[in-house]
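Note that subunit A is present in both complexes that follow, paired respectively with subunit B and with subunit C.
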Partner chain A sequence: MGDPSAETQRTLYPYVTGSSVVALKYKDGILMAADTGGSYGSTLRYKSIERLKPIGKHSLLGASGEISDFQEILRYLDELILYDNMWDDGNSLGPKEVHNYLTRIMYNRRNKFNPLWNSLILGGVKKGQKYLGMVSMIGVNFEDNHVATGLGNHLARPILRDEWHENLTFEEGVQLLEKCMRVLLYRDRSAVNKIQISKITEEGATVFPPFSLKTYWEFSAFKNPTVGAEGSW
Partner chain B sequence: MSSIGTGYDLSVTTFSPDGRVFQIEYAAKAVDNSGTVIGIKCKDGIVLGVEKLIASKMMLPGSNRRIHSVHRHSGMAVAGLAADGRQIVARTKSEATNYDSVYGEPIPVKELAERVASYVHLCTLYWWLRFSEIDSHYHFKLYFFVFFTSITYCWQFHRPFGCGVILGGYDRDGPQLYMVEPSGVSYRYFGAAIGKGRQAAKTEIEKLKLTDMTCRQGVIEVAKIIYGVHDEAKDKDFELEMSWVCDESNRQHQKVPDELLEEAKAAAKAALEEMDAD
Partner chain C sequence: MDFNAPHSMGTTIIGVTYNGGVVLGADSRTSTGVYVANRASDKITQLTDNVYVCRSGSAADSQVVSDYVRYFLHQHTIQLGQPATVKVAANLVRLLSYNNKNFLETGLIVGGWDKYEGGQIYGVPLGGTIVQQPFAIGGSGSSYLYGFFDQAWKGRMTKDE
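Take a look at the complex of A and B:
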């Protein structure tokens, strides 16, 4: 850390970032949602970044934070899955194992003061067991029935705590996720109205094509926003 | 032994007066003593098959894999000293993943074969290179050391790899089959065999019409050939191990699916009985 040339080789701040990812367990597996935006500071620069990726046969990874670090993580996981496949012994890495691997990577990078600037959500199903976990850029990890990254923790999880229950159907799960993503769209300034949902079940992973949420701007509070606070905007 | 070197065969860095390197020929003999390994190129892919001679009845079937995947699209079957083979497979996997991470596409099979051959050859020239040095050696940086060290250490610590490999893969140019010998030469084949029963196996392969055959049919044929060349008198038991990379397997290298393997074994045993009945 005292070596001056080492300063330029550590991650100090993120550049292109993705916003929140929200995920929940439902009857058949995991549902995950994220928007497809990549912000360059306060500019919404990239509007079509896919932040939900299937990993191997049993897992789905969603990431928020620095996009280039996410791509690097995908390369690590690609190599992990490749070596796992090359054993060709009928076994394959499940979501718990991949989550553990990611936790190790994130925590060890943080210890070197050179973090991968992401919050990751890893969900999957293996042999009927559903698994949903989260890892942050400092290596904090946990497992739960519903998780979110970034602002999603503050806006989406309260909704999920009230309305999530075991054995949601696919339609109910999607509706719940859309509700969370709509709140994020209204309130998170780095959100983009192009949402992607993906699911993973015992049969495999599906990443659905992006779509837009219907928004409603006719609330009376939006009509005359500066009434009672002249001079503000 | 047909050709004994008598003095010119103690080191792989010595030529004989008639221009042969005996250590490499002896390495090839190690390969010839191993169980038969066959590879064929069918119209939609490659099939690899190994006659795995079982040393002991205590061994679990399916252990001691002789066919390894080296990347998604290619695999390698090893004949000869198994420990040497592990080394070659590990190096090949590393070459394949390195190419993929640098160039962003799966390594072309031709390129992979060249790298394997180059590596095998390198290890017949220099014994003291550790593996990190081998990468820089591709640029001949360490050439100077050869003069000083090989004279004093020329008969210690080095031998060529005692194994030959058959490498099969499927890239944009279609399915391809290569064989690399302990000397470091590699050629491209449509049918190759190494090991004990290679002469008989090659004759059988030449009879097949490979350009019309799919891999599904190829698997049955390879099983028949291996059961056919297996010498019941000399070696009691063997296990058949087969893999393929073809359109049906989505161009991924994998073990032949269990039901197809059983079907192939049954067909091979039936063909043997037919031959015995004649």
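Take a look at the complex of A and C:
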């Protein structure tokens, strides 16, 4: 009863976590965005963690949640892609297949009460077919034209539901993602103003260098803080 | 006085890269609850000739992880025929930290020099994340240093700086 080695291992809580990832389908493929912060509880401990990674030739993976588990998932996928390449048969795993593999991993870990504490977004293009899917830490998975993890589901997706349409250009897609990331920056406590955007098209994946978003703070109450201060919040 | 309280280190550890390699620093206090069990601890531990690790968190956990990593690195060096790289050392630390995350409570900073990448610092916090950084701070005392480093750090410093 008191022997810890006899008890099955289980992950109880995450330590270093990444915040939301947002992604959408556009004319040429998939666009994905995430900030580069790694929080340690409420402390923003790491400011340069890359949470968007290309997988094989056709896919992009974005993750929020425990970073060590994300790094482990990248190792699993590395092995998967390696074995796929070793067949040397001209075939390569597409985003649909990788998404399915990830779903199986996440669900099976959940069944053992030892989940990988991540929400994953898998997007890609193969033979002109665009694919965008999500897997949660309990193995829930689905596919859609636009997806988000964590708080992004509540803050970004309503914007996307309103403003997304088929055949967005690259510039329109980036603008839309920036709009979503700005809202997340304002309203998500664990967000940091260092954003990365990545795209994947038939030609391949590109992860762009990090940049900062412009934010608005010109409120009249800040310009004249003493005016109406008494009794105000 | 609870002498059976776990020996936690109440630590500040720092690892910094500079233009010739890396510099590691640590305080020397090990506390058991409120009592200072050892005021002269050595929290910077050698793994190989060219790689050291700064230990924080549980004294026992960090010591046993260091011992295992030193053991594996020793064998790896013999097999490889040349000094192990800092990346390999850091990844071994990560492997142990990650696979035993439910049992361990230790944050480590791995620092060293190899001929391929020069001086490198890798942070391996609780949970087993591995993150290469130009400088790393850790331990409970590091909370006070985040602001300082954000303001004072710059790359490519001299050893004296």
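Following the convention adopted for this analysis, the second predicted complex is superposed on the first by the 211 of 233 C-alpha atoms of A that agree within 3 Å, B and C clash if a C-alpha of one lies under 4 Å from a C-alpha of the other, contacts with A are read in each partner's own complex, and residues count from 1 in each chain.
In the analysis below, a residue touches a chain if its C-beta (ideal position, glycine included) is under 8 Å from a C-beta of that chain, and two chains touch if they have at least 3 such contacts.
Quick caveat: nothing in here was measured; it's all calculated off a predicted structure.
Colleague: Determine, for the superposed arrangement built on subunit A, whether subunit B and subunit C clash or fit.
Modeller: fit
Colleague: With the two structures laid over each other on chain A, which partner does A:N85 touch: subunit B (first), subunit C (second), both, or neither?
Modeller: A:N85 contacts subunit B only, not subunit C.
Colleague: Look at A:S68 in the shared chain and tell me whether it touches subunit B only, subunit C only, both, or neither; answer first, second, both or neither.
Modeller: The answer is second: A:S68 touches subunit C but not subunit B.
Colleague: Between the C-alpha centres of subunit B and subunit C, what angle is subtended at subunit A's, in steps of 10°?
Modeller: 70
Colleague: So in the superposed three-chain picture, is A:Y15 touching just subunit B, just subunit C, both, or none of them (first/second/both/neither)?
Modeller: After superposing on A, A:Y15 lies in contact with subunit C but is clear of subunit B.
Colleague: By residue count, which of the two partners contacts subunit A more extensively, subunit B or subunit C?
Modeller: C
Colleague: So, does A:I138 touch the first partner subunit B, the second partner subunit C, both, or neither?
Modeller: neither
Colleague: Touch check for A:Y46: first (subunit B), second (subunit C), both, or neither?
Modeller: second
Colleague: Could you grab the smallest C-alpha gap between subunit B and subunit C in the overlay, to the nearest Å?
Modeller: Between subunit B and subunit C, the shortest C-alpha distance works out to 5 Å.
Colleague: Which residues of subunit A touch subunit B in the complex?
Modeller: 75, 79, 82-83, 85-86, 88
Colleague: Using the touch rule from the top, collect the residues of subunit B that touch subunit A in their complex.
Modeller: 68-72, 93, 97, 101, 243, 252, 254-255
Colleague: List the residues on subunit A that touch subunit C in their complex, please.
Modeller: Touch residues, subunit A against subunit C: 4, 9-12, 14-16, 38, 40, 43, 45-46, 48-49, 66-68, 71-72.
Colleague: Using the touch rule from the top, collect the residues of subunit C that touch subunit A in their complex.
Modeller: For subunit C paired with subunit A, touching residues are 94, 97-98, 101-103, 123, 125-131, 133, 143, 146.
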